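You will see two complexes here that share chain A, one where it goes with chain B and one where it goes with chain C.
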Partner chain A sequence: MSGATHSARGFWPVMGQAFLWAFLLAVGVVVLYPLLWMGLGGFKSNSQIFDQPFALPQSWSLENYFSAWRGVQGYMVSSLLVTLVSTVATVLISARAAYGLTRTAMPAKPLITAFVLGGMMLSPTVALVPLVRMLQSLGLYDTHWALIILYTAFRVPFTTFLIRAYMLDLPRDLDEAAMMDGASPGQIYRRIILPLCRPIIVSCVVLHILFAWNEYLFAMIFTNSPSVQTLPVGLTSMMSKHGTDFAQVFAAMTLSALPIVIIFFLTQRYFIRGLTEGMAK
Partner chain B sequence: MSLSADIGKSGVALGGPALGAGRGPRLRPLLSRLLALRWIAVALVLVGWFVYYPIVDNFFVSTTNQDIFTGEVTQVGLDNYRRLAEDPVVGRALWNNGAYAVLSIVFQVFAAFCLAAIVEGLSSERWRNFWRALYFVPSAISTTVTGLLFYFIYQPDIGILDGLLKALNLEHWSHVWLGDPQTAIYAIIAMSQWQGFGYSTLLFTIAIQKIPQELYDAARMDGAGPLRQLWSITFPLTREMTGMMIIVTVTGAFQVFNEVMVMTGGGPNNSSQVLGTWLYEQGFNQNDMGYAAAIGSVVFAVTMLTGILQLWYTRRRRVLA
Partner chain C sequence: MAELTLRQVRKTYGSMEVLHGIDLDIPSGSFVVFVGPSGCGKSTLLRAIAGLEDISSGEFAIDGERMNEVAPSRRGIAMVFQSYALYPHMTVFENMAFGMRIAGLKKDEIARRVTRAAEVLQLAPYLDRYPRALSGGQRQRVAIGRAIVRDPKVFLFDEPLSNLDAALRVATRIEIAKLKQAMPGATMIYVTHDQVEAMTLADRIVVLRAGRIEQVGSPLDLYRRPANLFVARFIGSPAMNVIPGTVRIGPEGARLDLATGGGLRAPFPLDAGLAGQTVQVGIRPEDLRLAEGEPLLVGRISYIEQLGEVQLTYIEAEGLAEPLIAKLPGVLDLAAGASIALTADAQSLHLFGADERSLRPEPAAAVPEVTSARS
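Let's turn to the complex of A and B:
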């Protein structure tokens, strides 16, 4: 775009191009090689990991992957459950909030807007100590609900911010016309605004999945039993249990990273939209 | 157009005159305005209860000493903060968080900007998208996985870093990276840069794409080379994104937790503690909740400061724009 390539003729421009490509490729190798090493490690035997760290696996047996799968299965289920429920809850609650903030005449709107969006500035670390006591007294400690509620509460501000910005830019003719026709706010929301917001909602869903699947701090502190723990915590406890069976740990790490990498590649467009809207507004 | 007609129709069909009759905006203004709160009620309750209340409560906890097992609470005023000021590990943690911030600005803001400019300089759109997506991949993976991965990479026996140094005949550089108090935190920070630079590169490429192509065409007519274009057009016109990225990076650097926890747990000898892990150690291993809350207040102060800076920055930008 910046035009560096448009005049790629002559010796020096060609050399410059070659140098740039070599650089991009080198960075690509630095990014990809560790991940590849991790994935390949899952195929190796423990002794091969020690003796020939750089070599390709001697055999492509999926044995480590199968036993790692049995190990992470339960954590995977917890992660899926927590991610799914908190994604649906966060997006629904945020979309409703954004509608209220952009399309209704609620009292004290600037104050409420500042309150909800201001939550983005508050960090989970600071809330940690009081939350322990709170979740214990609510009987939520060591349940999936603890994570679902916290993931929702801490992500509603950001998600509302994204959807609200999008709704502010939507033309008002459509909902005004519908109002004239006697549609209730609930109908306008469900039939007009929500469908129009689909692109940003998909972005929010993807961003929330990425957050919830990878979250570690809350999951580590508020869950304790293996049946409740999510993947990131499960991985670290697998690590302390089978810490010497490196091949299996590598396989488990690969298995837990794979779904999110696939989701990223499938939804790149929405993903990038969400990120830019979040930064630029 | 057909969309609006369609929606209008369904509005009539569903809304019906009977339903809409009592809802005129002027008939019961106060009641209907109050009723509008139902849209946001759940969000307000959740955010108020689970985000704001704990953060307020954190200050009260920080003025007490409490035992989570016996439930015994004693008021100690500002004692925890006095202790904080004299705690050498807090000093170390602040230094480490600061190093995190500075190095992340170098790599995830400035280096990422240069990389984004190079990627956007490619004439093939397919390749631009390819590199952008490839560099982003580590950012999609959880820090627990990448932290564990680099924990292995840094190991002297099975790790590939020392193996690589050996292959390059730089054996004398090899090191117990995470076991040496001198290098542990920097090894963690290096992992963080590896993971995070693709994310900011992606954001910068988007900012660069928004620059009108005519500016580059005009610059070329005036005989400006690629470097000159980078310095005089790309850099000034993405300054806002750069400012935002710096603020976001600093905020992130003071909230670091996962990678340190997974890779060293703050060791060896507390050399790689950051505020987040020291809070965890004090609160959840030493059961000193009051002191942990005081450490939380420090995190709060820093993130609040950067948050206000961010608000001020976006406001000012909007006025200028």
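Let's turn to the complex of A and C:
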């Protein structure tokens, strides 16, 4: 008998475990290294990026970052504004819709539910042309409002879907107890249901921030002037402007990714829950 | 003070009728218990009274005032849920205060009432805790506290003790009985599966079956004079033994010949029209005892459940598919497989006709307080 078979866990399970770890490590490197490389690139000079792409920067000068910040500043403000307003609007509308879909006795509820949730199936690209015409005729083309409205409209179905699934799991007895306590439907919503939905609301906020911060298609098509454009579009135009100054482009990219990375790490618990919630319903 | 009146109350879900015309008067200050098999409509009836379910037809009134369309919170009713339904994100204090806050009571009045309820229910040390940090019994007491702070006229309990373990159930049952004593004016309606809860708590028991009232009466009434075979089998544990018998009317009065062989005098005079007819003879397990002289029943012991004080003896008798059960003193030396001879007093028998209704003549006196208007 060999030593391996004497051990409690055996040879193959241990090997399997080792392979799994190696695989996950490799995936981690593939995902993280480019980000790190981008961040480090911001400290290098253009020539070093080409000559020694994998070396550490020679000096840790923040100069590239400062000048990138000056370029990115305006886009950052637009992104913050659009993300913030559309997040608040989406989550408020979705929570209220989910409450209606789960707690009221409205007629034809399955149909309305299907209609609202069916919005998830709608591909943004299909709707582009009519949307452009519509927003142009409303005079909203090339304004922050265009993006706020589109982000809200396109994300309400999915967000409603997540919150609805969570609300379906909240016991009815709580509503009924509150009803016996004299609470109106509005009070039940604000004082019982909404506070209890906090975990899923946080998840939805995080998911929406991730979406709105990184959204490219709408931002590119519905905004034109630099004062209105958000970061993803702004970065592309920076790239075409400073096409040769990669150090500065890397610094700008790092700056624009930073807020989202921080938010993600602070809230990843909720983010993961948001993804797993609602799948069963 | 609140008197509840139900007239022909029906409830349908889609095309299925769950309550088939309930007529019931519940006097002010009484403790009424709804019992019945699972799915018979106890919760539905209770929720209709609370206003959580609409009544499909019929009328429900409190103190003569029609309540069908009145919102639950305006009926002066508090309800304790089987699941407790405490608000998980509020402390014990906030749970009890919620209704009063909604009603816009003053802060110090709210605090005064919550503190008093907490003292009565021994919850004072837990007022700042969240429900998740309480034991089942404590949660149940918070749910009761939430009901009493509002000072309602009517309390509804839907199987409030079914989530508690046996010891706690007894303790909480006694607390509910004390609560009732402390609030003689409040009307309480209580749903349970548990016979002991029904017998010990109730002034009046309402036996339901498949959406209809079978009988209304005091616990002893139901035990001693069940109106039909269903109530006879449902009240009392273990359930009453039922043996078919034939009526023979002779010069010295009516006699019964049991399917198992024995025979005895009828406990009360029987109509001559019953002569030769088959009736159902009910004998409670506790009314059976070992025969010294002429036995009424003979059989073979198939199984014994020894409970110490008593032993439940299962007996196979000739001519019966189901075993009979006798509740015999625990000290008797019995063994499975042995044969046994039993007897019972004629006065303890219950007789039911072909329609399963009791053949016992109605007593002249005793007008019951809670009446099913139908019967």
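Here, the second predicted complex is superposed on the first by the 252 of 281 C-alpha atoms of A that agree within 3 Å, B and C clash if a C-alpha of one lies under 4 Å from a C-alpha of the other, contacts with A are read in each partner's own complex, and residues count from 1 in each chain.
As a convention for this text, contacts are C-beta pairs under 8 Å (C-beta built on N, C-alpha and C of every residue); 3 or more make two chains touch, one makes a residue touch a chain.
The structure displayed is predicted, hence computed values, not measured ones.
K.L.:
Once the structures are superposed on A, label A:I192 by its partner contacts, choosing first (chain B), second (chain C), both or neither.
P.N.:
Touch status of A:I192: both partners.
K.L.:
Looking at A:E176 after the superposition, I want to know if it touches chain B, chain C, both of them or none. Which is it: first, second, both, neither?
P.N.:
Second partner only.
K.L.:
Once the shared chain is lined up, is A:L32 touching chain B (first), chain C (second), both, or neither of them?
P.N.:
Touch partner of A:L32: chain B, not chain C.
K.L.:
Applying the touch criterion given at the start, work out whether A:Y216 contacts chain B, chain C, both or neither, answering first, second, both or neither.
P.N.:
In the superposition, A:Y216 contacts chain B only.
K.L.:
Determine, under the contact definition given at the top, whether A:Y99 touches first (chain B), second (chain C), both, or neither.
P.N.:
A:Y99: touches chain B, not chain C.
K.L.:
With the two complexes superposed on chain A, say which partner A:L20 touches: chain B (first), chain C (second), both, or neither.
P.N.:
The answer is first: A:L20 touches chain B but not chain C.
K.L.:
Under the contact rule defined above, give the chain A residues that sit at the interface with chain B and also at the interface with chain C.
P.N.:
Dual-contact residues (chain A): 173-174, 177-178, 181-183, 187, 191-192.
K.L.:
Contact residues on chain B for chain A in the complex?
P.N.:
4, 7-8, 10-12, 14-17, 19-20, 23, 25, 29, 32-34, 36-40, 42-44, 46-55, 57-58, 61, 68, 115, 117-123, 128, 131, 133-138, 140-145, 148-150, 152-153, 157-160, 163, 167, 194, 198-199, 202-203, 206-209, 211, 213, 216-217, 219-220, 226, 229-230, 233-234, 241, 244-245, 248, 251, 255, 257-258, 261-262, 275-276, 279-280, 283-284, 289, 292-293, 296-297, 299-300, 303-304, 307, 310, 314
K.L.:
What does chain A use to touch chain B in their complex?
P.N.:
1-7, 16, 20, 23-24, 27-28, 30-32, 34-35, 37-38, 41, 49-50, 53-54, 93-94, 96-97, 99-101, 104-107, 112, 115-116, 119-134, 149-150, 152-154, 156-157, 160, 173-174, 177-178, 181-185, 187-188, 191-192, 210, 213-217, 220-221, 231-233, 235-236, 239, 246, 249-250, 253, 256-257, 260-261, 263-265, 268, 272, 275-276, 279-281
K.L.:
Going by the contact rule set out above, which residues of chain A touch chain C in the complex?
P.N.:
On the chain A side, the touching residues are 171, 173-174, 176-183, 187, 191-192, 195-196.
K.L.:
Taking the touch rule as given, give the residues of chain C at its contact with chain A in the complex, in rising order.
P.N.:
50, 52, 72-74, 77-79, 81, 83, 85-89, 98-99, 102-103, 146, 150
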